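Below: the structure, in structure tokens.
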Amino acid sequence: MIESPINLRLGQLAKLANGKIKGDDQIVICGVAPFDQAGPTDIALAAEAKFLNRVEECQAGALIVPEACQVKVGNLLLVQNPRAAFAKVMAHYYPARQSQNSISNTASFGDDVSMGKRVEIGDFVSIGNHVKLGDRVILGPGVVLGDHVVIGDDTTIAANVVIGTHCRLGCRGLIQAGTVIGCDGFGFAQEEGRHLKIAQTGNVLIGDDVEIGANNTIDRGTFGSTRIGNGVKTDNLVHIAHNVVVGDHTLLIAQVGISGSVTIGKHTILAGQVGVVPHISIGDRVMVGPQSGVGKSIADNQVFTGSPAMPHRLFLKVAHILQRLPDLRKRILRLEKKLKEIGEQKRR
Amino acid sequence: MIESPINLRLGQLAKLANGKIKGDDQIVICGVAPFDQAGPTDIALAAEAKFLNRVEECQAGALIVPEACQVKVGNLLLVQNPRAAFAKVMAHYYPARQSQNSISNTASFGDDVSMGKRVEIGDFVSIGNHVKLGDRVILGPGVVLGDHVVIGDDTTIAANVVIGTHCRLGCRGLIQAGTVIGCDGFGFAQEEGRHLKIAQTGNVLIGDDVEIGANNTIDRGTFGSTRIGNGVKTDNLVHIAHNVVVGDHTLLIAQVGISGSVTIGKHTILAGQVGVVPHISIGDRVMVGPQSGVGKSIADNQVFTGSPAMPHRLFLKVAHILQRLPDLRKRILRLEKKLKEIGEQKRR
Amino acid sequence: MIESPINLRLGQLAKLANGKIKGDDQIVICGVAPFDQAGPTDIALAAEAKFLNRVEECQAGALIVPEACQVKVGNLLLVQNPRAAFAKVMAHYYPARQSQNSISNTASFGDDVSMGKRVEIGDFVSIGNHVKLGDRVILGPGVVLGDHVVIGDDTTIAANVVIGTHCRLGCRGLIQAGTVIGCDGFGFAQEEGRHLKIAQTGNVLIGDDVEIGANNTIDRGTFGSTRIGNGVKTDNLVHIAHNVVVGDHTLLIAQVGISGSVTIGKHTILAGQVGVVPHISIGDRVMVGPQSGVGKSIADNQVFTGSPAMPHRLFLKVAHILQRLPDLRKRILRLEKKLKEIGEQKRR
């Protein structure tokens, strides 16, 4: 869709990706394409056996391959981490949208708004009072920023995002369209069957290099902050409740829901549609499988799946047996019948 | 709520719905109402036995009934497909909102925006550069269209929808409020525990006669397109990841989540809250039950349910036994006890 | 984050919360803080044993405690319902945002819009024709109201909320950002594999004292109304389909999805990610556990969990056994082996 105006020789790409060349390092590469669609001026990725075994079929001008691969043909960019090299090459050919250094005359500004250099403000943006925008911040059309919001350098807020009062975002972030940050958490006290609202006085603090997907909801803290660490990435339609802490470089896949006051460690992954009950903690480098329901705290380095979640290896066994329950039931019936026969034989 | 200004004789409705009349074909019908609330100038639907058995109680001026029904009383519109006839009659009395052929003076236009006839543009709409709108397109208030967006004839985009750059929508579509089309997919490469963004260079292609519910998220392709076929309907809060292909006339019910690079066939139905793992395919005319977790590809014409999903008939058996697990466990204990007794008797 | 400008003596707080004082009723309280962070001018909550046992460590100027507690030290506000007292004290120190009695000159008004006293209308609000706003209504930036919308006194609609034509909201409500009320329900009739839209002619009726979370979707009725009772609270990303009825003071936690024509009673709680199939009813004072799939109607006063949902006590047993299925399977194998041995011994 998007064509890159950038051409580089393969040798230059090797520097960018910290790799070595086998073949012609002078070939000009004009873009990146998928393995099966790449042409003679494209570079493609062949990280896995299913592609490495079919290198002869590939029309790409060059291939990013693992250092240790046995491929003998074509122009190769050999790297330790092919996917990371691919990401770097992609970023070079298709750089993220840069600030247009333009402020729409339809935007609305509160009092005491400070802005860094080369900020871009889209149509119909509404900015509250005492707001601080870093250098090269981009606010897409329809963005709403409450009072006292702070946004770090090089962060992009996509269209129609709402960021509530007192929330603070770090640098180099991307908040995708339709997301709400700093809504009130679900806090009520019951009295005679009615639910009295507990004022939500805190905020949301988001670190550096964070990407939040589209139509997420991140509640402010009841007191203090809901905290999203550095390098965290969330997919679409993720819900993060009040006072949750998400550790650095943790991934939350689409439609994950995290209840209030949950603490999640670093480098952890919650797969799609996972739910987490309130007030528990999930450790560092944990993986939780899709649709799991996490009802108890999980220690570091664990892999859990299921609803309720259990160790992943156990889950695999349980899931295997689950589908064989009708057979197990029949076998129990057969055992009962046989034992009854034995009992009757004795009585005779 | 909405009153129809349209009156028709029952005979005219029969032509519209391709049906036959029993009773008075000259009776004037002024609206459509539910079976239990319809009055003498309304037509109502009685498709199922629970209504057909109570026709005497119904106050409706006329009833849409199946051809083969045994009803002897009242004014009847007999049709092969009562629900389809009902939809057509409803569409006649309560037509979709028509373009007002008006462009709000608060809307913002980029360069090179082309518009067809009788377009309606609401308040605070932000349109990028090189955008193409077909005839009778309606853009609700707060809609944001990125550069190079194309929208076909007679498509309505409801309030606060965001459509990213290069996305293309077909004709006669409806995108409900708050939906985001063309957000970046969740694509990262890991390097030393950090997640490097993989540029998302593709777009979203949506066919004709598509309805997308409210607050959906549809990611653009990493390369190439995320594709939504003709006649597809999605409910609210549905997530469709990058490079997913949804076949023609497939239904995705509320809160379904589809991971990246999944292919779904035609005339398939995924029920509410279903999740699908990446890189698998689901065939044509498949039905997947609510809350299922689809972890493996499913062939055409299958019915699957469960998390992990299994054939629906097996699921029904498993779900039945599941609730009887405490009993099964007791029976195993009893068997063990008896066998032990038998063993002890022998030893004596 | 937010500092309260309000100071009260402990004795005055006792009146507010209908409690008694032990200790110094003249101490000045300037704010509310969590137990572990409170300082000498704060009041904190100590409702549960885990806090009551650590009262000596707490630096708070005063504590809200249960009447029956045995605490002997510090300044205590003794109440029957500590959480409710806490909510009242919080509401006093951190009152909800009041209307600024200001109308943005960027807002757009249709014909025949009537407004009560001290209304606040934010930037880029788009209001349709024949709309009625009560006293002290607040519309945040980017809110879109369709024709014939009615909003009761003291209701706040947060940024970028969309409310469709003919929907009516009660008094003292809060609709959080990004929510869509009155979108079309998912109603189609199948004809030769195509899905004909059934016009959605109804509306949404929302009672008094209702809070709807962020990025919810609430469909209008096909005919008649989708009804949300008084005192209902929904968390974020909740989906409520057409013609659903939610009884008074019911709670819907994050990511709950309710299918069309479901009736839910009063004082009921659906936990996070629960799904409910169409056309069933859930009684009063029911509790449904997280991630449950409700496939059948539930009577009053029941506690259900699981997918498919079952009585909660049964679910606990089943979940316990589920994780022991590999063991049960081994025991069945062992039984089969032993019985086979017995059979062989006999044959000898």
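A, B and C are the chain letters, set down in written order, and residue numbers restart from 1 in every chain.
Please note the rule applied: contacts are C-beta pairs under 8 Å (C-beta built on N, C-alpha and C of every residue); 3 or more make two chains touch, one makes a residue touch a chain.
Just so you know, these numbers come straight off a predicted model, no measurement behind them.
**Q** Quote the value, from 0 to 180 degrees and to the nearest 5, of the angle by which the CA atoms of chain A must be rotated to coincide with those of chain C.
**A** A turn of 120 degrees brings the C-alpha atoms of chain A onto chain C.
**Q** At the interface of chain A with chain B, does the proportion of residue numbers present on both copies reach over half, so same, or stay under half, so different?
**A** different
**Q** Could you tell me the distance, in whole angstrom, between the mean C-alpha positions of chain A and chain B?
**A** 26
**Q** Mark out which residues of chain A touch at least two other chains, giving numbers and ranges.
**A** Expected reply: 106, 124, 142, 160, 178, 215, 237, 255, 273, 291, 307, 322, 328, 332, 335, 339, 342.
**Q** Tell me, which parts of chain B touch chain A in their complex?
**A** These residues of chain B touch chain A: 106, 108, 124, 126, 142, 144, 160, 162, 164-166, 178-180, 183-184, 186, 188-191, 193-199, 201-203, 215-217, 219-221, 223-225, 237, 239, 241, 255, 257, 259, 273, 275, 277, 291, 293, 295, 307-308, 310, 314, 317-318, 321-322, 328, 331-332, 335, 338-339, 342.
**Q** Mind listing the chain A positions that touch chain B in their complex?
**A** Residues 1-2, 32-34, 37, 81, 83-84, 86-88, 90-91, 93-96, 104, 106, 122-124, 140-142, 158-160, 174, 176-178, 209, 211, 213-215, 231, 233, 235-237, 249, 251, 253-255, 267, 272-273, 290-291, 307, 319, 322-323, 325-326, 328-329, 332, 335-336, 339, 342-343.
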